[in-house]
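Two complexes are shown next, each including subunit A; its partner changes from subunit B in the first to subunit C in the second.
Now for the complex of A and B:
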């Protein structure tokens, strides 16, 4: 049970959006699909869901080619950054139609979430702010109960409280009834604690596809007094430094034996965002 | 085609909302003018005969407005283009048949006013175009035949609108402008000039003959119109499918 992407390529005119991308999204995992603007994240998600077609390659959903195949596509729900719902449609009507197309959609749970997010069911799409436009789609994504849920920038326009609420609900939902969630986002720091596997896409190519733990184990963060940190990192591969007053945190690539660390310094996990910047900047 | 039921339901629902408003207006107009004729003291003859024509225009406009929003909604709900197209055809057929029957019912109902006031005359499109044939047939047969012919006209009207809107969706901006300007200029400006100056009016005579044939020719056979509409619809459906099968989101 998986979404298998085989040698997908896609060009828009002279721009190569995806270049022979191959990867597998396994069952019941939360993936972070990370990449800079224009890296090809949305293109990849759009191809998986048949919103656009690849120039070459194929996508298999549970072994079935997904191109123009209702049986395969029915297993996927995509919450896109753009709105595909009719502007004049009320939220309650959208829920009703989602239930028609996805019979496993949990209307009761969705209604409960509208209360939690303080979203009126009688509002129509065009009257919603950017944040609430994301919220109603997030609610559907959390209630749809399909094996694969794709979220493209799910927290776009959401305030800190709603973002926190979304991540908590996602974990809660995932624990209750696991599905595969693929979250494409720019807010790496926030999503870092939610995702299990990380896929980093750069200029249409997959440059990292591994578990978060594996990825973060390629380095560490060392924190302490500036002078001590400077002395410690001398000669090491440092990918970023944060300083506040006399304190400093340095993000270092490489392995370390904690016992060998001088007193006054603290070793913690690598910061995913710093690593992402390092990997995608070059 | 797992989503066919939901997709058909959605597209029918979309049509029903507009059709409901349309008929509300038609019924109000019929009652209003019927009332004026009945209770007014005018001795002028009042004629009501455009119901089917207005329905055909309405359906053409409905066809024009029934692609982009539905297409995106279907994509959002993981429906394949094949399913959305087949469900659209089911919705078109159901709407065409239902409206042909409803219109015939409205015409028959409006004809009741003619018994009250002779100055009020009601006629359907079928009776107007195929007058001799309509008079020669039994009322029931005539009404059934009128419904059949009207179904063909209505389906052709929706398909025409649907094809145009689908074609425009697939075109880029330059092509849209080229077609929007080029087609009317060619049809209403260049063609008449070329026809008169080069072909000595042969093109317009050929078009006239074609229309005469479509509308039954000398014998006034309504099935020419039905077959023409069906052929037009089949070509329109085929071309629309070619456009839809590769359509992608351009939101």
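Now for the complex of A and C:
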């Protein structure tokens, strides 16, 4: 059981949004799909869910090509930034329609979550603030119970309390009955501990696809006096350098034996956010 | 039990150490049940696979044991075992850093010994 993406390419005019992307989303894992604005995250999710078509390549959902195939597509729910609901539709009506399209949608649980998030079921979509616009979609994503749930920027506009609440509910929901969650975001720090695998997309290409633990152990930060750091990193693969005064921090790919580090240099782990920034800088 | 994660080491190791600390402090007593994987992951907002990986370290070491369908418990003798393990790590975790920092500050070995004695005066 998986979503397999095979050699997907997509161009918008002369802009290449996805360049021969291949990857697999396995069942019952939480993925982080990370990329800068315009990297191709949403395009990829839109192709998976058949909202737009790829120029070439195919997407298989549990082995079935998803293109215009309802059997495959009903296994996937996607919450996007854009709203496709009529403006004057009330939340409770949206829930009712979601249930029509996704019979596994748990209306009772969704209603309970509206109370937790303090969202009135009688509100119109158009009257929602940016935060609550995300919240009602997050509630659906958490209640829909499809094997694959795609969340495109789920915490957009949410305040710190609501973001924390979302991550807690996500883990609760996932622990209760595991399914695959793909969370696309550029707010990496908060999501870092929640995800199991990380996919980093840069200018339409997948540049990293591995477990979070593996990714975070591919490199380290070395800091200290500039001259010492320069000497130490000579011949090593450096993906970025920060300097302040006579001090320098270098982000190095590779393994290190702590005992081999000269006096005066400090070795620290690279965090996911730093790693992401360094890897995706132009 | 309160773990504030840092960036220095993998989260699953920090979870294991947090549980070790709780056992050493007596918060989780021998033969008592510890929270479930779900409780750990929800509480600390971490992926259940990460929590499981951390707890499995302790299961493999025999500090925690699982009762099928019931939950996870602290083994008898866990405290002694952990003390032994932590003693072995004492040099790496504390003495090395202490000597490094002392060298940075120009504190001599004799001065460290004096400071150590001060630490023991109540």
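Just so we're on the same page, the second predicted complex is superposed on the first by the 232 of 282 C-alpha atoms of A that agree within 3 Å, B and C clash if a C-alpha of one lies under 4 Å from a C-alpha of the other, contacts with A are read in each partner's own complex, and residues count from 1 in each chain.
Assume a contact is a pair of C-beta atoms (placed from the backbone, for glycine too) under 8 Å apart; a residue touches a chain by one contact, two chains touch by 3 or more.
Computed from a prediction, not measured in an experiment: that's the story for all the values here.
Overlaying the two complexes via subunit A leaves subunit B and subunit C side by side, clear of any clash. Once the two complexes are overlaid on the shared chain, A:98 sits against subunit B while remaining clear of subunit C.
Of the two partner chains placed by the overlay, only subunit C lies in contact with A:195; subunit B stays clear of it. Looking at the shared chain after the overlay, A:175 reaches subunit C, while subunit B stays out of its contact range. By the touch criterion stated above, A:269 is placed in contact with subunit C alone, subunit B being left untouched.
Residue contacts after overlaying the shared chain place A:213 against subunit C, while subunit B stays out of touching range. Once the two complexes are laid over each other on the shared chain, residue contacts for A:126 go to neither subunit B nor subunit C. After superposing the two complexes on chain A, the closest approach between C-alpha atoms of subunit B and subunit C comes to 28 Å. Per the touch definition, subunit A reaches subunit B in the complex via residues 46, 49-53, 68-71, 73-74, 76-78, 80, 82-86, 97-98, 100-102.
On the subunit A side of its complex with subunit C, the touching residues are 29-30, 164, 167-168, 171-172, 174-176, 193-196, 212-213, 216-217, 263, 268-269, 271.
Interface of subunit C with subunit A (complex): residues 5, 7-12, 37-38, 41-42, 44-50, 103.
Residues of subunit B that touch subunit A in their complex: 1-3, 6-7, 9-10, 69, 72-73, 75-83, 246, 248-249, 251.
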